Structure formats: structure tokens, C-alpha cells
Amino acid sequence: MRSKFLKQLAAITAGGLLVLGLGASGAQAKTDLLVYTAIEADELAKFKKAFEGDYPDVNIKWVRDSTGIMTSKLMAEKNNPKADIVWGLAATSLMKLSNEGYFQGYAPKGIEKLGKLYYDQKNNPPQWVGQRAWIASVCFNTVEAGKYKLPLPTSWADLTKPVYKGHVIMPNPNSSGTGFLDVSSWMQLMGEDNAWKFMDALHVNISRYTHSGSAPCKLAASGEVPVGISFAYRGAKSKSGGAPIEVIAPSEGVGWDLESFAIVKNTKNLAAARMLADWSVSAKAMKIYNEEYAVVAMPGIAKPVKNFPPGILEKMIQNDFAWAAKNQDRILNKWRDKYDAKSDPKK
Amino acid sequence: MTGTATLAPALSGLAVKEKVSREDWIMRGILLAIALFLTVSILLPLYFLMSKGFQDKDGTFTGLANFTEFFSTPALFYSIQNSLVITLWTSGIVLILAFTFAYGLTRSCMPFKSLFKGIALVPILMPSLLPAISLVYFFGKQGVITSWLFGYEIYGPIGIVMGEIIYVFPHAMTIMLIAMAMSDARLYEASEALGASKLKTFFTVTLPGMRYGLVSAFFVTFTLVITDFGVPKVLGGKYNVLATDVYKQVVGRQDFEMGAVVSMVLLVPAVLAFFADRLVQRKQVAMLSTRAVPYVPKPSRGFDMAMLGFCGLVGFIILAILGMAFFASFVKFWPYDLTLGLKNYQFDLMDGGGWASYFNSIELASWTAVVGTVMIFIGAYLVEKSNGFQAGRSAMQFLCIMPMAVPGLVLGLAYIFFFNHPDNPLGFLYHTMPILVICTVTHFYTVAHLTAVTALKQMDPEFESVSASLKVPFYKTFRRVTVPVCVPAILDISMYLFVNAMTTVSAVVFLYSPDTTLASVAVLNMDDAGDTAPAAAMGMMIVITAAGVRLIHSLLTRSLARRTQAWRKR
Amino acid sequence: MADNGAYLKVENLTKKFGDFTALKNISLEVFEGEFVCFLGPSGCGKTTLLRAIAGLDIQTFGRIEQAGRDISGLPPSERDFGIVFQSYALFPNLTVNRNVAYGLENRKTPKPEIAAKVTELLLLVGMPEQGDKYPAQLSGGQQQRVALARALATSPGLLLLDEPLSALDAKVRARLRHEIKDLQLKLGVTTIMVTHDQEEALTMADRIVVMNEGVIEQVGTPEDIYSRPKSPFVADFVGTMNFLAGTANGKGRVKLDGIELAANGNTDDGGAAPGEAITICIRPEDVVTRGVTRDTDNAVPAVVDNLEFLGSFYRISLHTQGPDRTGFRADFSINLMRDLDISEGRDVVVSFPADLIRIYGEAFIHSDETV
């Protein structure tokens, strides 16, 4: 009895070690395409299914994280890149990485149908190609607002009013792309000095900075913090899900960035990466983008999206990606020193 | 062969050349293989981590530049201060609570003792993130009893301390319980005979007798809290501590060099506490060897009721924490729609890797339990029972104890440096399930090893000599005698490894890949993304699984005891 | 080397544990079929020597030969011996049968043969019909018998017993002594037993090896060791001995507290010149008083200090009547005490028979009351 049990145990162990060994080397017929992305988790399955339906020989493997973290990760792997293609990451980040010689140019089939604003005009073939824009918005919990007697904010400036003290939450621009596009847009709207002054005032009202760009809206939706600086897609999604929130596009203008893709230099799966690139600029893909996002790279496709703040498209700022990419590190370091580094030393 | 030739060694005083038997070679071979494993799984990674702290991003040696930067960055420096504040507060409160709780269990005649003991151990089954998430539901802005904080915020030191208390309570309580069970009834009889009051007896007998237990519990609490990052991750708010700093530096900024520096700073108190604890443990063992008579409490209505009240309260709080996480995980949309449903269990729509994470975690835990138990038990057996080869055995002993001094975050980070190094031939392991198994086995090696050693030490040291004289190879005796006799300890080890592999976050958070996302890390990532309720739901899946395994373990132990341990009965 | 027929030869054995030398240049021969005891106080090296012979702790220097084969550096598994430990070391999860069969099963012996052998062995050690019990269900004495059966099962050329009886109570111990000895005689297996119990050694051994501080003090038959101890240590360790300070007084003569005594034969005074200090030894039971007068040879007038009743005899403390008042002890039978009416404070004359006196050269400092 006992010795049989032990024999089985031994067999399991031996078998296990073998499987561990095999598993490590990996043996699959399909091409695994390692895709680094910052797209929201709840959309990933949809994209994977749609793409693999059209290209059954390719198997997408997602590595997802917030924009800032994905950018840092890519930067850290610079000498030994792991990703085949970066997909759905902020154009600002891709431009920064492009300057480091991270990517190889490729003009996907049908790129001529995209708006010129939406892909790399500096290089030919382009190093990065935009897919859709995500736009800053403020999520405002009406139930909690009633409790604390908070007026509905309509502008960025409103958020610095003392009435909102401790009631505002925003993403940390060092880790979140949404956080950075907010900071970047304020600078482009107000000029750098005024933007810092604005953020000093805002910092007083901020309850804390989150790691991800969607967390503030989720926390606003659940009433944890009434006002969350986030982005339109997350706000609309939460509102459609039944959260008691208003999604607001502040009157001064809203920042935005392009979810874009770029093929990593020296990828071993170039063919598969190009397939994803081609698919990503197709009308079919654009229609899927539009299910959740109001602005896509191919003109004439987009239909209005439910619960997006009215007039938000008009409020999108004239975004200077090149400026943002060039100044990103400087701005982020200064931001860290001002607001992150000095978090509550006296407590 | 001539007479002079055979006599020569004796006359010239040449040392006898021992012939190493085939079996000894096998033993040494396996011992070396396990030592090699530990070298690769802890020694080399730590070396790479250490050296990284003295390098810049391009790998050039920069001496203490990184450390200078660290200590001149006020934010990071404040983290040390914050970490110490949190740790000392938590340790202080936990020691008092755990002491009183254990006192009630051992020194009173209150009812439901084993029930309370079981409840006190519940937090072991949770990832440390879960009590923290539960606290959000109690004391967050939308919490049910937020007002009880008198306007203070749960996000900050108060919340961290509360979460950590729940996280480390079972560990401190277990140590106290062991220390109290060891005390000598004769001292109490003597004290009573001398007419000392209860209070005086407490201060002259109870407390001094507990001093090693108290000190040991303090060090364990200290190490667990200062290296935990689950609780401060969820409840830290703007309050930074060392553990979250490592995470921020590495995951947030991908600044591995600075991460290495912070983790070395984190390593210092952990190692100090480790050595202090070892020292104290040794003294406690010396105390244990005296022939103590176990203390049997006498009923005392008032005291028993007071203890029942206290233990009941603590038990209630622990169950409430668990119950709140359980409840919140089913609530559709806290706090606006309190209808129940399974929406939060649709993990595939969230960050963290979906249901696959859960099954990956089970896979990891199973592998860790099987591979870890086999390796650790065999390793302990060889360290204890093999012949000669003193140097190898001492080295092995050191390697087996070492993992305990290394916090998980530090270990995980060290793995990145070592296994992701472009020149490392083992690089193929990076981002795979095996590396998670290796890391987890290593992370929890020491406690499992010590459990195995304790069980093996209780066996007659001459079994191996007898087998050798009967020409039975050691491995047959190992299989026919050692393993069957040690079945209870082996089951304990495998359960310990399984539960810890399910709940651990700290080391694996740096090592998972898209194919090997883990449930415990998913809790972290979902909470990070603001999906608090799904995070609680995944946390509950971990608790339920760990509890289930615990249940299976106790059933298995009982039935195995009946079948294979018949010989224990007289 | 000339073969003198020794079964086991130990030559110049030295064992060091770090700086500590546990065995110092030990040489020893054991003959086929012999029962040899290693006797000595704890820490004398007897167990170390046994473990070296077994290969469990291999010596630092020196050579061991068993049945003509050099086994000096061999691991235990390549030597030919069976061993029984003080702790019995029975496998707790195996029945008595499986324990005894343990060595046989590994040799691919056919099952019926094993069963027959196990039954035979259990019968031999007086434990028939107990084969299905587990060790924990047996008494200490029974466990030791099983351990013995297990060690004998593979018919080893050498049986090693490491304090096999020490953990048992006195009665069981006495019974097992005889059983083991009888068994050994019956099987004729060469046996080495380690013990610190002189009585055990004296009753069981063909020859005793007395050891102290890593060296062999004396090798000899029990009779030899008891009656002709070669050193004060042996004299002291085995049996009880009076160590009395005296002086040499020419060949075969010594002086004790002014009285001249004849000492035949057993002199080991290193040729002490007359007047030099020597130690005079006499066992308490060798002191004679019945029919002794001041005119008897080696008569010593003494005073009784104290009587100690020890059951079958009295141990009497006395001192000489000269200026030294040298104290010594004598064992007197009960009827002698009755006949001579010996009581505290009385003067008696005793005699130290000349051929039972032993003389040692050095002034031996005697620790009162040995084990």
C-alpha cells in the first residue's frame, strides 16, 4: 500500500521535472507573438479573438501594464528586448522609444486611408502608427457630491477650489499615461509655469495619486473619492455600468494621446508582427476601436459613443506630441520631486 | 604484497584513506545537487543583486554612488523612518494582543479553546492584501463603520498598522503559544507555596519564562511587517514605506539599480532580526531540555470569562475581516447596489490575468508542494544522516537556513538580475512556471527544512548504521523506514508550501509573465486598477482554496495516521 | 607478517576528533569465536574503537584486518559484521518479522527461506510467536532480543554489541547476560561488546580489554584482570581495592605504618629502593582475620572504625595502630562477624596474605569509592 503510494509520488515527481523542463523550452505550432500593451484589460480578450479569427496561425500573448510602467519596462529592456510589437501604447511613449532606435519602420497595408495626424510623419516608412485617441475626462460622483455638497466642476480651475479638498484623486503621471497626458495638456494650455502653479493648488485637494489611469474613475464610481481625474472611455463605461457619475470634459480643453503601435527592431516574428500591424489599420479594426472610443485614426468610421461627455471632441487640445516626448523625462522628474517625493514626511 | 608495504601506513603515520562507498557517492551527489540548486536559487541571485547596487544603468562600477543618491533623496529616507514607525507600532500592539490571546488559550479554563485557536490561524490563509482590502470596506470613505476612525483616514499609517496586525497575528500567537506551553508548572506551585499574589506570580514567573518567546515573536513580527508590501500597497495612500519603494522603483520606474539599493537597505533589518532570533531560539531550546511539568490551569470564573471575552472579540474581528471580504466580493456595485451576484468573479474582464491566474496559482502551489517537499526532505535527510563530507554538509546547512533572512521582494528582484542576465545560460527559465516554482520553494525553504530536521532528529541515529551493517543501501531504508515514520512531518511541509505558494505576492510579483499570472498578484493588480471588489473576490478564491487544502491535509493526516502509523500505538 | 590465527587484528590505531585524540596507537587481536569486552569508564574510547572496527567512524591512522582482509578504510557496508546498539535502533514502523528479515530481504533470499530463518532466529532469542508485533508493543528486553536476532540474521563473521544492556533494568539485564553468552557459545560467532559495567564484562567475556583515556590498560581473562590487575587503574576500576601508602623495604618486602610485610610475586614497584614510597594494594575480601594472631605472617593490628551492612557481607573500615593510622577496608562475612563479635572501636588483628598483595611503584592517588 504504502510503497505503491511512494512509487506514485516518485513517478509524479519525475514526470513533473520532465514537464517543467519541457515547459521551459516550449513547443507549439502557432507563432507566439509577444505584444506589449497598455490597453485596458477588459478589451484585450476582444482584440485577441478578433485578430486571431483573421490570422489563425498567430497567437497573441499580452503583457499589459499602465502606460508609464510599460514605457519604463521597454526602456529597461532596451539592450535585450523581449517584445515583438508594442501595440496600444501612447504615441508620446513610442516617439521617445523611437528616438532610442527601438523600432523598425513599416507601412501597414492601407495606411494611406488614415489621417495624416495619426501616424509618424518624420520617418518613411513610419516607425509608429496611431490607432485611436483616448481623452482625459473627469468622473464626478453625484451621490457623494450631494453628501459633501460639492458643486459640479466644469473646468480644471474649479478643481483647485477649497471645497474639493481631499475629494479629488488622479493618476500618478510617472506610472500612468493618462496622468501624463493631463500634466502635458495643462502645460500646453496654460504654459509651464502656470501649469505648475495650478498643480500646486491641485495637490492640496488631491487625496492620493494612483498607479493606474482608470483607478480614479473606478474609485469615483464607487464613491471612495467623489472626483476622479481619468479618461473618457473609463468614465463612459462606468456610467453605462450603472455608476452614479457624470463624465465631464473641463472647459479649458482636454488632453489626449494616441494609442499606437510600433514593431520592435530585430523581432524574430516579423511576419506575424506585420500581420497584426496590417490588421490594426483595417476598417474592421477601426470599427472595433470605435465600440468604446470616439476618435479613431481612420476618418469617416467613428460613430458617437454612449455616455461620452458632450462636446468633448471640440475640447481636444492641439497636442504637440514631439514637445511632450522631448520634455517627458524632465517634467516627470520635476513632478516626482514636487509631489511624490514629499509625501507626508511629518506623519 | 609484502609485509613492509602493508605496515608502511601505520608506521609512517599516514592517514587512513577512507574508501568512499558507492552509496556515499550517491548521497554526496544528491547533496551537492541540492546545494547547487540553492546556490543557483539564492546565493548567485543575491550576489547579482548586491553587485547591481554598486553599478549604474550600463553596468559600470560606481562604488557607493547609488547609496549616496539614496540617502540624499529625502523621500526614500523618509521611507525608512515610516517603515520603522509602522513596524514598531504593529509589533507592540501585536505582542500584547497575541500574548493575551495565547495566555487565554493556555492559562484559563475558558470554553471553545480549539475553535479560537483555529480562528486565530485564519489570516495565514490570506494574502496580506486581503485584510487590507477588507479594511477599506470597513473604514474607507464608503466603509460601513468609517466614523469609528474619528475622522482619520484609513489610507495611511493607521490603516497599514491595522492591516499588518491582522496579517502577523497568527505568527506571533503561535510562537507565544509554544513558549507558554513550555513553561514549568512547578515554578507556579513554588510561587503559590511561597504565598505570592497572582500579579506577583505573573511578573516573577510568567513573564520571565516567556522572555524568549516574546523576543522571538517580536523579531518575527518585525521582519514580516518591514518586508510586507501587500498591506501598504493597498492602504498606504501617500505614506511610503521601504517595501512599497522597492516595488515603485522596480515596477513603477524600472530603476533596477535603485531598487537593488532599497532592497539592500531592507535586507539589513531582516538579516539582523534573523540572527537575533536564531540566537534567542537556541537559548529557548536549552530551556526546553529541562524536565518541565506542563501547567494545568484551574477554573476561575471571573478570569475565564474575561479571557473568553477577549478571545471572543479578537476572533470576531478576524472573522469579520474575512466575512467582509467575502460579502463585498458578491456585492454588485458597492455601495450603491448591494444586491448579490457573481459579477466580481468574472476575472477574465479585469487586469491580473483572469481565471487563468487562479489556475496558475494552483499549478504553482502544487508544484511547489511536490517538488519542494521532495527536495527539502531529502536535503534535510542528507544533511542530518550522511557520512563524512563535513564541509559539504556545513555548507548545505548554511544554504538551507539562508532563505529565511531574505525578504521575498529582495529575492524576486535578485532573480530578475540573475535569470534575466543576457549571458546566463539559465535565462530560458525567465518568465516561466519553473522559475516561479524555484523561487517559491527557495523563499519558503528554511521553515520547511527545519520542520524536516526536527522530525529526522527524533529518529534513532543508528538506523543508518544498522542498515549499513545489514548491507541494505541507505535509499532503501530511507524509503522503507525514514519516509513512513516521517509522514506527518512530510504532510505538514507540503501543506505549508502549498498555502504559502497560494498567498505569496512579494517575490513572484517580479517574476510572473503573461502566461504565468498568479492569483495573489492578480489581487494586487486588480486593486491597483481600482477593481477593489474583484480583488476581494480573487482573494477569497485563495482563502477558500488554502482552507480546502488545509482541510484535506488534516483529513489525510488523520486517515494516514490510522493506516500507516498503527505502530505508534502500544 | 606472521599469521598467528587472529580473526581481527587492530594495529596502531589512532583516532582524532579535531584536536582531541580519542584513541592512541591501539593494537589488539581478537580470535575466532572469542567473546571480547571493551571495558572502561565513559570517554575512554571503547565505543570509538568499536565504531572504527565497524567502519562507522573510521580511524585517523592505523590498520584493521578482519579474516585476513584489510578493511582499514572500507565503509561499513563492505565489512562483515552485525551490530546491536543500546537504543536497539529497531525500525518502528516494521513488525518484528520485517525487522529481523530486513537484511535478508535485500539479499534476494527466497521468501519461504526468509520466513524460516526469521522463525528460527526468533526462537533462538526466545521470542517465538511475537513476529507480528511492532517494536513499541514490546518491552525493552524483548526489543533487545529482536535487535540481536536482526544482527545475527545475515550470519555475520563479527557481532558488535554497543552497551546492549545499559538501558535495561537490573533483573532483565542479568538474565540477558546469560542468554547472550549462551547464544554466542552456541553460534560461535566472534563477538565484541562494549560496556562500562565490570560485572557484565567479568561474567560474559572470554577476554576483557580494559581501556582508559584512549589507551589499552590491560588485556586478559576476567580472572587475570581481577586478580592480577596490571595497573592501579585496572585494579581500581575492576572490583574494589585498598590503595595504601607504604615504603619499599628490599626485595619482596614492604613497610606499612611501621609493620614489615612480605609481598610475593605480584610486584610492580619499578625496582624502588628501600625507603622509597610505594602503593600497597589489597582487595577488601582478601583481608583475613579468622585465626589471625600477632604472630601470623603479615599480621596487621588495627582498630574498627565503622561497619557497613551490604546484605550478604559487611564492609568494615579500619585503621592501623601505628603512627600513620592508615585507613583500609575489609569485607567480612556475616557469620565471621557473629563468631568474632566485631563491633565499632574494637581492636582486631588482620593479615594481608603475601601472595594477594600487589605493589605499584607510583604513589597512586586513590579516589575513594569507585563505581
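Just a few scattered comments:
Read from first to last, the chains carry the letters A, B and C; within each, the first residue is number 1.
Throughout what follows, a residue touches a chain if its C-beta (ideal position, glycine included) is under 8 Å from a C-beta of that chain, and two chains touch if they have at least 3 such contacts.
Please read these numbers as outputs of a predicted model, since none were measured by experiment.
Averaging the CA coordinates per chain and comparing them to the mean over all protein CA atoms picks out B as nearest.
Most remote chain with respect to subunit B, judged by CA-atom centres, is C. Each chain gets one centre point, the mean of its Cα atoms, and the points for subunit A and subunit C are 88 Å apart.
In whole angstrom, the spacing between the mean C-alpha positions of subunit A and subunit B is 36. In terms of their C-alpha centroids, the spacing between subunit B and subunit C amounts to 54 Å.
Those residues of subunit B in touch with two or more other chains are numbered 480, 484, 564. Note for the complex: subunit B touches subunit A at residues 73-75, 78, 82, 136, 140-142, 155-157, 237-240, 251-256, 333-337, 348-352, 367, 370-371, 374, 420, 422, 428-429, 431-434, 437, 479-480, 483-484, 513-515, 528-532, 563-564. Chain contact summary for the complex, subunit A toward subunit B: residues 1-3, 6, 9, 12-13, 16-17, 20-21, 23-25, 34, 41-42, 45, 61-64, 68-69, 72-73, 75-76, 79-80, 82, 143-144, 172, 174-175, 207-212, 214-219, 222-225, 241-244, 340-345, 347.
Partner subunit B is touched in their complex by these residues of subunit C: 1, 11-12, 54-56, 58-63, 70, 72-79, 81-83, 85, 87-89, 91-94, 102-103, 106-107, 134-137, 150-151, 153-154, 156, 160. Against subunit C, in their complex, subunit B makes its touches with residues 3, 6-7, 9-11, 13-21, 23-24, 387, 460, 462-463, 465-473, 476-477, 480-481, 484-485, 564-570.
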